[in-house]
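What follows is subunit A paired twice: with subunit B in the first complex and subunit C in the second.
Take a look at the complex of A and B:
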């Protein structure tokens, strides 16, 4: 469980995240939505302790996040930021094996190899494991990064726009993979996502951010409503329901 | 494909490359020891007369050993700096490290006479750390880590520091004593003044100790932090390793350009960017390169010598240009 109280972060006197309090329960799939510049990514970075927070507290499984040691945190929570394609001459397998670093500090045990193989297979990257990262397409690279996070084998996984660079097919596949992680392996996934319909179709809970404030949070059904979304994005939109899933039409 | 065969294949390939370099190293070590003005050939090895004995142990062996150690260390330092800055064109010579160490030597000579190796070492080391830290702070403030602008700024920074050294050396009339450090030269190495280079052995083990940390740091700070690597701390460790090694090389043989850039880049072209598997081949090929350059410098205008920095510089600049053009395209 991640328990957030009054979290605030300022950059140059502007509060990019302002008094945010929320609760992320273990074993849930949470999507964080909101307009550009709402503070979603900053919130995620603070949850993953990539940037320090100015005020407030984050309790990670009961401990103040600041007090958790670096190496313990790396075995319990992984975070993947939006990354421009690294043009490094590493193979996919080498990248994925970095995920085992928090456990064995570089030495790869048979257990590590097994986890790496499993992670590669989970993302359909087994055939591509010898390819160098700088020869991959944007979508393949994104999947290699997710496979790396997977091999880190943490209970909590934070992802910043993992659907970037993915086409429809791979986008759906990625969301299904993440959903499986939650449902089959009991992981807790939080992701920042721009496509509301992906959030509505797969996430259990939704956090909506606007201007640094927590605008709304709750189950998907509670947040994906015309009134909430039209105010959040300041535009007119329609919600329709098909097979029990809500979809948002916002193209006109 | 079967994973086991995949892994063992990789390892075999790596071992093969290393074996080639080890063989080359042994061969060139032999050539280097038996190259020189004094009549000393491999056939004499079992029945050396007194003079041959002195030549062997007081100049030939020290020279060869210092070539191996400084070549290996400079190449590994370059590799480490490139890893820590995520820029392929950073090395002790293009980041102000060498120039700062030299400035330290000049200042030590001015204030504590030129005999005191101890003070020279300490002052050179402090300056090298300071200069490199300034440069690293600059690199941290640049968004695009791959920019060619970064090494260019480093070269300018180094030149500014060098001009200060030259000015001080002229002003205090110590040009004579300090000129050796401006140009790399192995001809003055003897058994009495090369021992500082043995520092590179423990430093090399330090690099090996943190090799996996450094490997991950090559992907950037955010990436490393999220995997539990204390980025800032290890960056400092790396910086200190580079500063000590560079100071030791500058004090013993002077500055040698390009080894720190071209060797790691050429090795990486062949073997990819996995730092952990690059350290050993980089060290070996750095040593091989410097041995070869030194043998050339001794035989080209025999019985005279060309300073090794001239050879390393002319070969290095061609390869450097090739790497630059290759990167641009």
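Take a look at the complex of A and C:
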């Protein structure tokens, strides 16, 4: 469980995250949505302890996040930011192997190899494991990064826009993979996502941010409504329902 | 398969070094082999340790800044060294211990460089944690300041003193004393041992700061430690033989190309061997082809400068590919 109380972060006197309080239960799939510049990524970075927070508290499984050492945290929570290609020549398998660093500090045990193989297979990258990263497409690179996070084998996984660079097919596959992680392996996944319909179709809970404030949070059904979304994005949109899932039309 | 290639490369480099050492010790002894052997074998240790220190400092520095065209010289330690030598001679004269006692000069220079880098990084670590490039920018400015001050003093200095100064501020292995070598090894060796023990953690830095943090590395603090280690290596090598900015750069880049890996174990070892070989060949040229009319520093700057331009051109082209 991640328990957030009055979290605030300023950059040069502008509060990018302002008095945010929320609760992320273990074993849930949470999507964080909102307009550009709403503070979604900063919130995720603070939850993953990539940037310090100015005010408020984050209790990670009961402990104030600041007091958890980073090496301990790395075995329980992983966070992936959007990243471009790496400058260094690595193969996919070598990249994924880095996920085991928090446990064995660089030496790979047979158990590590098994986890790495499983992670590669989970993202359909087994055939590509010996390819160098600089020969991959944007989408393949993204999947390789997710495979690394998977091999870190943490209970909590935070992802910043993992659907970037993915086409429809791979976008759906990625969301299904993440959903399986939650449903089959009991992981807790939080992701920042721009496509509302992906959030609506797969997430259990939705956090909506606007201007640094928590605008709305609740189950997917509670947040994906015309009144909440039209105010959140300040535009007219329609909600339709098909096979029990709500979709948002916002192209006109 | 990769391991095999590395072992072959190591063997070739080691063989090259042994051959160069043999040539260095035995060439042109003018009928005095024992005398030459004693004199020349004293210089082998500085070759090995300066080469290793310089190559290691460059690779670590490039890893922590994630930029392969930087050298540790941009933090301005070498300019500070030259300034200290110049100012010492200018204000205190040729009779002062700073000029006459090489050992005290070494310790004094090393201390000043270490203090300067601790101040530079320590200050910024407090005020602007994580902003590595700002520190580097300040380093460049300080380096330029010291260079300008040095130039000013060198223009008005006594010509006789300038001769003496020139000998000290151009990298040279010709004047290295064994007592100084041992002093610098006492600084360099522990740092090298520490960095080799950190090889796996260093590899993780290749993934970028956010990913390295997510994998459990306290990146800001780690960069502080690495910065100090790089400073110590650079300071010790500089105080021993003078400014050698391009030396490690050449070794590091040839190692990146030859070994084609991200692993620091392989890169650090390979780059050190290449750099040692480069010094040995350079020194052979200096002593026997150029008859000591040029110093190794001049050759390093010449070859290194050309190589640096080539790298810049290649990196520039790579962007458009």
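Criterion: the second predicted complex is superposed on the first by the 251 of 252 C-alpha atoms of A that agree within 3 Å, B and C clash if a C-alpha of one lies under 4 Å from a C-alpha of the other, contacts with A are read in each partner's own complex, and residues count from 1 in each chain.
Throughout what follows, a residue touches a chain if its C-beta (ideal position, glycine included) is under 8 Å from a C-beta of that chain, and two chains touch if they have at least 3 such contacts.
Quick caveat, the model's predicted, so the values are computed rather than measured.
Superposition note: with subunit A as the common reference, subunit B and subunit C are in steric clash.
Legend: residue contacts after superposition of the two complexes on their common chain; A:150 is shown touching neither subunit B nor subunit C.
Residue contacts after overlaying the shared chain place A:81 against subunit B and subunit C alike. Of the two partner chains placed by the overlay, only subunit B lies in contact with A:130; subunit C stays clear of it. When the shared chain is aligned, subunit B and subunit C each come close enough to touch A:71.
When the shared chain is aligned, subunit B comes close enough to touch A:117, but subunit C does not. Of the two partner chains placed by superposition, A:58 touches none, neither subunit B nor subunit C.
Looking at the shared chain after the overlay, A:47 reaches neither subunit B nor subunit C.
In the superposition on chain A, A:90 makes contact with both subunit B and subunit C.
Residue overlap on subunit A between the subunit B contacts of one complex and the subunit C contacts of the other covers 48-50, 70-71, 73-75, 78-81, 83, 86-90, 94, 98-99, 101-102, 105-107, 152.
Within the complex formed with subunit A, the subunit C residues making contact are 66, 68, 199-201, 203-204, 206-208, 210-211, 213-218, 260-262.
Residues 48-50, 70-71, 73-75, 78-81, 83, 86-91, 93-94, 98-99, 101-102, 105-107, 113, 117, 129-130, 132, 152 of subunit A are the ones touching subunit B in the complex.
Subunit A meets subunit C in the complex at residues 45, 48-50, 70-75, 78-81, 83, 86-90, 94-95, 98-99, 101-102, 105-107, 148-149, 152.
On the subunit B side of its complex with subunit A, the touching residues are 1, 3, 6-7, 146, 211-213, 215-216, 218-220, 222-223, 225-230, 268, 272-274, 276.
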